[in-house]
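Encoded as structure tokens, here's the structure I'll be asking about.
A, B, C, D and E label the chains in the order they appear, each numbered from 1.
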Amino acid sequence: MELKGLIGSIEFPKMALIIPELTVLITGFLLFTLDLIFKRANYKLYTWISVVGYFMALLYIAFNPSLSGSTFYGLYVRDYFSSFLHFFMILLTIFVLAFTYRYYRQKLSLYREFYYILSFALVSAMFLASSYNLITLYVALEGVSISFYILTALLRGDFNSKEGSFKYLILGGLSIALASYGAAFMYIYAGSLDLQKILTYSGQNKDLLILGLVFFLIGFAIKIGAVPFHFWLPDAYQGAPTPITAYMASVGKLAFFAPVVRIMPLIQEHFAYAWVITVGIISAMTMLYGNLVALVQKDVKRLLAYSSIAHSGYILAGIAVAKAIGLKAVLYFLIAYALMGAGSFLLLALLERHPQWQNKMEEFSGLRFSMPWIAISFMIFMFSLLGVPPSVGFVGKALVFTALSFDRLWWLAFIMILATGISTGYYVRLVVLTFMKESSRSIKVESSLAEKVVIFVLTLSVVILGAVPIIIWSFASQSADILFKR
Amino acid sequence: MTVIPLEAYIILSVLIFGLGLFGMIVRRNLVTVLMSMELALNAVNIAFVGADVHLGLADGQVFALFIIALAAAEAAVGLGIIIAIFRLRRVESTDEITDMRG
Amino acid sequence: MDYMGLLIFLGVMVVLSLLLISLNSLLGPKTPESMEDYPYECGVPLYDMSAQSTFHQGYYLLGLLLLLFDIEAAFLFPWTVVYKHLGIFGFVEMFLFILILTYGLLYAWRKGALDWQFEEEVFER
Amino acid sequence: MEGLLSALIIIGIKILVILAIVLGVGAYLTLVERKVAAHIQRRPGPMVVGWHGLLQPLADGIKLLTKEDLFPRYGNKFLYNLAIVMALVPASLVFAVVPFGPEFEVFGIKVKPILTDVNVGLLLFFALGSLAVYAIALAGWASNSKYALIGSMRKAGIVISYEVVITFALMGPIILAQTLSTYGIVQQQIEQKLWYLWLQPIAFVVYMFAMLAETGRVPFDIQEAEAELVTGFTVEYGGMKFGLFPLVEWYVETLSLSAIAVVVFLGGWSPINIPFVGFIDPLFFLGPLSPFVWFVLKVSLLFLFVLWLHWTLPRYRIDQITSTAWKVMLPLTLVNLVFTAIIAPMVWR
Amino acid sequence: MEKLGAQFPLISVSMIIPILGSLLVLVLPERFTKGISLLSTGISFLIALCSLMFFDFSKGEVVQFYEHYPIIPELGINLSLGLDGLSMLMYLLTTLVSFVAVLWSVRDRQIDHRIKEYFLWFLLAESFLIGVFSSWDLIVFYVFYELTLVPMLFVIGIWGYKLRLYSAYKFFIYIFVSSLFLLLGIVSLAVQHYKLFGRFSFSYFDLMNNDYSLWLGVFLFMLFFIAFAVKTPIVPFHTWLPDAHGEAPTAGSVVLAAILLKMGTYALFRFNIGLFPKVVVFLMPLLVLWGIFSIVMASWFTISQNNLKRFVAYSSVSHMGFVVTSMFLLNLDGFRASIMEMFAHGLTSASLFMIAGFIYNRLHSFNMDALKGSAKFMPAFAIITVITAYSSMGLPGGSSFWGKFLTVLSAREYTTQLALLVIAGAFFSAVYVLYFMKVLFLDTKEESRLIHFTDIRGFKLSAFLLLLIPMFMVGLLPSLFFNIFDMSAKKLLLSVMHKLIGG
């Protein structure tokens, strides 16, 4: 009986590999338990528990960077790449957590659920980054998405928040349906759910594989926010509580891009051309559209959301080059955008705590006088998003250019230049407003020590990692090499 | 006894999936949209299970089980959001949820 | 083949029920009166035409809970059947699973989803 | 071809038997109920039509059939009729997985007295049971009357709550039997010389509660609540259409659920069981008929027990019913599940 | 290419000093700001003079004071700083003009608010500019090239005149977008190097060895050229310049015109000619004609200006046309002319903008008509103006003379017609300076309005003097400067000639 064979092969999971995930998960359950036990919540305690838990996971990854192996019958893979992404995911989650308490208190929307759903989102994101198996990818994708729907909606009495969440839900559901349908086709083609096996399998029905891959990628394209599948993104980003927007723009981006990046080394000769064309065109549309629409926005949060779309486009341009250099560029840019996106949205979250703040562009004028340090840090983020050296944004763009020129995708490079040119319009306008226009209104927001530290660290990292890119580059390069060696 | 060919499963699933997609795009009622989404996911289940019958494997059924579970979770969250929307403003159609534009 | 009997039975039952439904219109008298098909509302004129409006949100919550637990049951059934072969490993795995399920139940309980009489803001924070 | 033909004939016979149970016995149970109720309340009950009212169900049936066919003015005709089909069909289909007795041999053909003996019998039972909720919701909604709607929502709420409870309650026996086949479960009980009632008292009690709730019996008959809701979701139905709902709900479903309870907890057709001793069959003189008699006996006993409860207990409120399901029954079943998982190895030995 | 290591890291010290100064400005209270800025730019200037003393003129083509610090060795990105003859000249100009700009700003009335920030940006700008002219790694060059935008954006945007926001915006967008092409070009070169040699390198010395097909070369050349053509600017790409120069505060315009424009021409020399000799030879006629077109068109625009600052700005465009034209004539005289013109224009345009700024301080207007007859009441100022204007015009003895003269000579080496075209261009540029002089000195209406004006003195006078002295030196002792850059010009020409003959 085959059941006997299956049961005989039961193995005990290699716990050492999944300790980070387990730590985060246990933190989440601890918070959940506390929530169930106590009638009155101590939100500061919750925050501290989360931070301590995540920090432990972070330390484990930091001290065991080259831990690798696979467990759960190949459903889970830990390699250098996943550790690398996990590190930043956890770090950014901690950063986001620093901003939540005061923000939600000001908005009268403290929910205890927030804390453990955040940890579930983190754990799913981590799983998303460390698997080749479609089942794990599917479950993790749903985990991240569902957590995001809830987190987006967690703003009391705010219709935009619900609206954004609902739109996200619908398009997210569509994306998941498409991705899993693609998975079904690939399964029919190769009889396996392992992406490595599927993409290296030489079967009869290549059309089935390509159809499946296209569906799968469209599913992820929706999650990433690539044009023409982006409709949810601006609304969700604008509607969500701003720390959550920061979270979606950083950890979410990392998580949703991770599987796509994992596919890159597996691209075979016979559909490499289709890959380049498809991803290239989507990337071109994404960056042009994102930047053009951002140009006419009045609401800064929405503007930054469109800029996030545009950055997805830049990253996709790197993904179009399915070579090691492209992968390295993409990894660097991903981390770069995660830092910049988190930083800019978190700054916005800080400013939003002012009761009269409306996220309107004009409100930035005079910020230099009322909150000089915030203004400077905002300027650095804007310049970094624009790609002014020495910042991570610049290095990321330069690396993507390198990758494009490696494949001689000049047309995409020119479109990227054009798109960046368009983006100059709004980033510089924000800087100009902040520093060069004076306003009678003075906006001052008290910030806690943790928030100050986080903003400082993020700003500094944007500059330092841009000036000395080797810090990220060496990790990105190593993980790309490992992925390609497989 | 004849085995149902794989094509039959695929055609059925494509039809249902198309129906689901169509519903998601065309229908305006919030709950209907959600239901269409579930329909699309169930089409995926059919494809997976059909593939399993054809290939003689069990992986697809496991996938289908996960799809069922997570689709339910998603539907639960979706219903929750719809209720929240309804409590804030008495809307039932997607045409009425257009506060954010541009 | 195993299901052949069920299918035939299904067909028979459907036909039978349709028959039973239509018997009334065949056998019953036809004495149309103006108000005989008027909806029952204790004999007073209708307050509003449609009763198909929204219902108490408690029902939705029940629906959500059913969704949760029925799906989890779908995972438990295969386990129950092969539990004998799984040994202690299977027990631990499923214990964790049931624990998580219980967490879901406790959550619903704690947040008042099981209390029928909702206040305007039951979700006390 | 020969085999197919004989199989079809056997299926036909089985279906006829089940139909007889569903419609014939079901109809006559109305009389039983009325008699039992009457005697509990110290009155004679129907005495006019036939000897001690024996022909009463027939008279009722004829009366219902000759009523005018009415349809509520603002309702949805298709769904209105569909609701009845949805109520009757799944409820009767449950009997397809009920084993009435052990396999026996007639004219050289081995016959299992069960319509479809599949390895997912109990799953089928759950699936069909879940469909009941559609009938209720459709009936209430299609009638477009407030009473009907409120009644149907209440009933639907109760059904879905107890659906979960039933599912979890039956998991313990499944672990012990290692099969989902109803026939297999009975066989396991006979082989292990143990009614699962002895190991699963909690599950059994919970199951009985759930059964009362599902069938809308007192103390869970909140959806009917004659005093407040007339008769709940059936208020806009008339004639035979009205007649079918109580038939399905009170008799067919109660019977089928009792049968499943007997199969899962009371060893199906097996005689009386005493733990650590084995089976004792006081009806041994009936020979090969004794298993069938035992089965019928057990089911009848359970049914009478339900009737007894119905006519003695007061009614609960809707919130009490649902919160009992989630706060008492479900935790109990979960505890029972884990407990069963622990003790199961002892049973298998 | 040879390199001479530095005994003492002169260049990085002269870069770090302004940065240190800016930090001090940031930290210390406002009353120290001006002193610190003067001191740090002054020291930088002195270091530059020192380096000139230690510069080995006989090995002008060799990169001297070479410093090398790895940044990403894997990708071949290193911070390598050094000076050859050409960059030495630019380095001198940068430190000098920065010092002058700070000196001028000390008493500029336009700078009456956010003083700390103002000097901070100037100090940072100086440091970045030194980086631009001294880096031999293309990525590092690009980083500095881009970084100079930021201080200028702020200087124009905060302390500029009426249309400052618009101009700052426009300036930034033009230069930034064009320089993205440069970035693409740079990385493409490095990728080309990788494909040929199997490793990444952004080092100038490595990339010189690159080999490429002609059309790929043309493509990469154009990527570089677009960026520098906007920066220089050459005529169709010049529209950002009048706005930026016209609306910037005086010192800002000075730095913009004197140094930032030189970045474009310097880079054309260094990269377009140095890295793509084959392509330059191929494209030469086109580029020369383009340059002449630029001269003529810019002169034409200049004459029609009524705003003094815009006038000077357009004249800069025309001068840059000379630089470009002579550069692409591809002979020794052309190269010499081009480099001399760059240096000379750095001095004269700075001076002209300071004149404009001075006039604005007095008149609160840039309208040229308002100037009429002002020479009579401000003699020192008038003298300075005359010297500067004639210098700019290209009269013998003036600093621009050698540039224009040598351009004509080098054009003559091809055909006389070409030389005539260049002379026509020079004629136009003389016309607008003469027009300016006429307005300033020959029209003498409304004298009463000007009568209470005080003459130039103090800080501003010394700023002028600092510019006038080298201006004279260029005009009268050109060989001093030729010595500095001649060897590197020859070296460049050699590489081009090699292609011209060999390829």
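Structure notes:
FYI, contacts are C-beta pairs under 8 Å (C-beta built on N, C-alpha and C of every residue); 3 or more make two chains touch, one makes a residue touch a chain.
Bear in mind the structure is a predicted one, so any value in this text is a computation, not a measurement.
Common neighbours of chain D and chain E under the contact rule above are absent.
Taken together, chain A and chain B share the touching chains C.
With centres defined by CA atoms alone, the chain at the far end from chain E is D.
Looking at contact counts per chain pair, the maximum sits at C-D. Among the chains present, the centre nearest to the common Cα mean is that of A. Averaging C-alpha coordinates per chain and comparing to chain A, the farthest chain turns out to be D.
With centres taken as mean Cα positions, chain C sits 20 Å from chain B.
Chain B and chain D, compared by their mean Cα positions, are separated by 33 Å. A straight line joining the Cα centres of chain C and chain E is 81 Å long. Chain D has its Cα centroid 53 Å from the Cα centroid of chain A.
Looking at chain C, one finds that residues 63, 70, 82 touch two or more other chains. Every pair of chains that touch is listed here: A-B, A-C, A-E, B-C, C-D. The touching residues of chain A, counted against chain C in their complex, run 3-4, 7, 10, 12, 29, 32-33, 35-36, 41, 110-112. Residues of chain B touching chain A in their complex: 6, 10, 13, 17, 20-21, 24, 30, 33-34, 37, 40-41, 43-44, 47-48, 51, 54-55, 57, 59-60, 62-63, 66-67, 70, 73-74, 77-78, 80-82, 84-85, 88-89, 97-100, 102. On chain C, the positions that touch chain A within their shared complex are 82, 85-86, 89, 103, 106-107, 110, 125. Taken in their complex, chain E has these residues touching chain A: 71-72, 74-75, 139, 142-143, 146-147, 149-150, 153-154, 157-158, 164-165, 168-169, 172-173, 176-177, 180-181, 183-184, 187-188, 190-191, 194, 219. Residue ranges of chain C in contact with chain D, taken from their complex: 2-6, 8-10, 12-14, 16-18, 20-21, 23-25, 27-31, 36-41, 49-52, 55-56, 58-59, 62-63, 65-66, 69-70, 73, 76-77, 80-84, 91, 94-95, 98, 101-102, 105, 108-109, 114-117.
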